[in-house]
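What follows is a short report on a single structure.
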């Protein structure tokens, strides 16, 4: 098992190298460079060329890639072309909001989705089942920003229960931190809720029809015991798979949510950097994303062993 | 967890959330401002973005500063002396000027700053071309000796158009003018808090305690900059609807540029003020490539001029509010001294599509593709681009609509290659009205062919007009030169102004002292 | 049924029916009763397809004709869904946008399925390729599709093809994983081992045994990809890297009108409703297909 973990972690390195090369090449070929944006609208072509040279953007591809790679291996992700702040600093500033958003989204989704799926499976075929599934499918069908706007309007502007935008670090109080995150989390979480509810229901249905559940029932174990102790534990594996897969979708949806609710997260950082061609930031963030994604996959695979002792690596 | 405790805590949380938000009551010493764009750097000399200039004028100062009539007054300088033919200027710094790190401002800092600025600015380049020497007889005196007269020196040093002649410490001013500065130390009324800066989200300015404002009343860049806030927070909200909601909710105090469609909503709100932000407004721009067909043919350019409807463009850009736009058959800013409509007859009156089609045929236009580059991530250029696509189709031209982003537009427009080889035929932008009041800051007016701005128009008549303006001894002569420039620019159709438009600004009623200016003025503003 | 027997055989007389005859349900009604989700989803989708095909005949005008003087008018008799910020008729734009959104959805589903199938089969069968391919898939999944879309847009200019490419690349790894999983599990089956042992060539094994088994989960997956691709197109338009403004799509209608949603909600409302209905229809169809084809598949999304 230990060897498996080592092998998987070692395998992340070639993955990240491939990703780094892909991204770097893409950025290199894409037209537009930060020099034009720095120079501003009224600058002359000669000015722009001077700025390009001072940024080292006129060097050949391999030289630029090599020099960046060398720095990365030494732990230096470079500095933003515009702000001159170290890329690691800019990423670090935005990790807390992004992680907070994902954490609360996950908690809210799981809290509502799993019971929904369990109840739907328990009362399979009834109107509760159909209604729950319709609800979850509907949650899957509306664009995130539409939900976001409606939530912000109703709960933020009209009822004034929570602020409409911004982020408060947890160090300034848990309640303000939560208040800023609850609307974006719901907007982002509806998709997750839909996926998890459906998967939970489907797995529970399969498990509930198994022999050992019938035996447990025959032995007189209460309904709640069956549902939660036996069935849910066995349903955990596919649920965790979905959480892992949904993680990538979450990143995409998070960009939209961060824009609508003005949360200073990594998604918004990436998009801004791309539009400005802030190469060090783009490369640093994508590299970090791929690293985290691979770790999440590894974590998911390891969690399997916890819930299903048959799975061994 | 026991069910009872779980329910209990849920109820508690529910109760806290349900209580209406009593107040986003922030201290009256903190101002929260939503700027027009993200602040990604602070170098207003190397980079000419408007938002950078707006922030920089809080941190740094200028030797002279213009007032709302564009008349320069002493700011960092105590005064000046100049000889009869404007070739020998001496400035003396006023007392009490210190940098944010405690050091005193000296003449060496001033010389280094002016030297850096001279490389990038059009007026500065003219000074540099005729510079004999800088002299610093003592710590507070600067002498500039020229070999050609330059009567507009005070305006050059005090203007608010980017690049602004900001005075920085010598070590920072020694940065290459084509590289962004890395340190933000100035002598202005606010310090920049680099530690709390979250680019793309928040920029914090703090009051500089040791700043001594001048005695006169403040007016744009002149006079005493009295700061009534300990802290100014620039909150960057990328989504316009969210910014509107935040302003209505009291989460921010002042929104620089609300989009015009949301303004009726803000006007209805009893807690908010809405007014025109910058009376000098903006001029939209339809820029053609004079190097390649079809727009290398002046008849084709004239054909477009005949059919172009500035009303269409302006309504697309700013909406239905007629207070916000005007047709502008001129290359200069309406409402300013040099404004003239002479030569702009083709833009006035009913639009002539048939005449345009005939003129195109006469010019020999044969269905060549027109490569229209549209930056869809910027509202103004996207609106202009969409109207252009429609206009060109109406007069029978073959449009290739290239939807891309602002950064890429910047690269493409710099290419002199043929459109089929990655070049361009048309792109859009706009110029701040403050940059179009006269030829000095107006890079887009130039028609020097290869050396001109993107599009590379060539017209001897326009260049002569610009030279005449620089040599003009008084306002009457300047006006004559301006008329000549206008007529020649329309004759050649160097580019087509798509109209004049204004933008609103909106702030909470508890904020007072907001003035109309080409940049947001923070001194003299207070909050109750 | 009456059979005429030769007279020498004695037969009992025909008795009258004890119970009234059970009326047989029509075949369609039977289908709807057994597979309600397929029925509802399918018919809704068919309706939307019809709208897409018949758009020019449904009282629409040119969706790209601008009229800035008539911008942001509320829905009225003249403009059924109102006009947008350039004075274009939203009803026409939404109806023509159906074509683009459906095209994106179907194109992505097809491309991702075909490519994913191919990659998954290779990875499942060729041991050496498996690790390499799966790691590359991991890498692909970790590049945010938004980055890809914006980079492509900057490179070649925004277009429907770029949107399809960007979204497909994000979806292919998932399909590949699914197919690979099926292949791996099937490879262990007795009949496949028997086929290999009896000397059947690999392509024939794939064609005869593996492929039919992958089709069911693949089809279900494809419907979900179609739905999520349509939503992704809206997200990309929101960011500004979606379909170019000259081609109406629900995504870019919503994106253009989103700043005004508080004052002119109809610009976002109508495309949002159409998008939700279509995505819902496709999801229901997928759900129904999955339940019908194999209840065991319900676990493997």
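As written, the chains take the letters A, B and C, and residue 1 is the first residue of each chain.
Note that a contact is a pair of C-beta atoms (placed from the backbone, for glycine too) under 8 Å apart; a residue touches a chain by one contact, two chains touch by 3 or more.
Here the structure is a predicted model, which is why all the values come from computation and not from measurement.
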Original post:
Which chain is in the middle, if each chain's centre is the mean of its C-alpha atoms?
Top reply: A
**OP:** Compute the centre of every chain as the mean of its C-alpha atoms, then state which one is farthest from the centre of chain C.
**Re:** B
Subject >> Selected pair, greater C-beta contact count between A-C and B-C >> reply: A-C
Original post:
How many angstrom lie between the CA centroids of chain A and chain B, rounded to a whole number?
Top reply: 38
Original post:
Can you give the whole-Å distance between the Cα centres of chain B and chain C?
Top reply: 47
Original post:
Rounded to the nearest whole Å, what is the centre-to-centre distance of chain A and chain C, using the mean of the C-alpha atoms as each centre?
Top reply: 24
**OP:** At least two other chains touched by the same residue of chain A: list those residues.
**Re:** 30-32, 149, 153, 259, 275
**OP:** Enumerate the residues of chain B that touch no fewer than two other chains.
**Re:** 239, 241, 245, 377, 405, 407-408
**OP:** Give me the residues of chain C that touch two or more other chains.
**Re:** 150, 154, 240, 258, 261-262
Subject >> chain C partner contacts - residues on chain A that touch it in the complex >> reply: 11, 14-16, 18-19, 22-23, 26-27, 29-32, 133, 137-138, 140-146, 149, 153, 195, 198-199, 202-203, 205-206, 238, 242, 245, 248-249, 251-253, 255-256, 259, 270-271, 274-275, 282, 286, 289-290, 293-294, 297
Original post:
For chain B, which residues are in contact with chain A within the complex?
Top reply: 16-18, 20-21, 24, 38, 40-41, 46-49, 52, 120, 162, 176, 178-180, 182, 197-202, 235-239, 241-243, 245-246, 248-249, 251, 377, 405-412, 414, 429, 431, 435, 441, 443-444, 451, 453-454
Original post:
Which part of chain A faces chain B closely enough to touch in the complex?
Top reply: 30-34, 36-45, 47-48, 50-51, 53-55, 80-85, 90, 93-94, 149, 152-153, 156-157, 159-167, 175, 179, 182, 259-262, 264, 268-269, 272, 275-278
**OP:** Can you check the complex and tell me which residues of chain C touch chain B?
**Re:** 64-66, 68-69, 71-72, 85-86, 150, 153-154, 157-158, 240, 244-246, 258-264
**OP:** Could you pull out which chain C residues touch chain A in their complex?
**Re:** 131, 135-136, 138-139, 141-148, 150-151, 154-155, 170, 174, 227-228, 231-232, 234-235, 238-240, 254, 258, 261-262, 268, 272, 275-277, 279-280, 283-284, 287, 295-296, 298-301
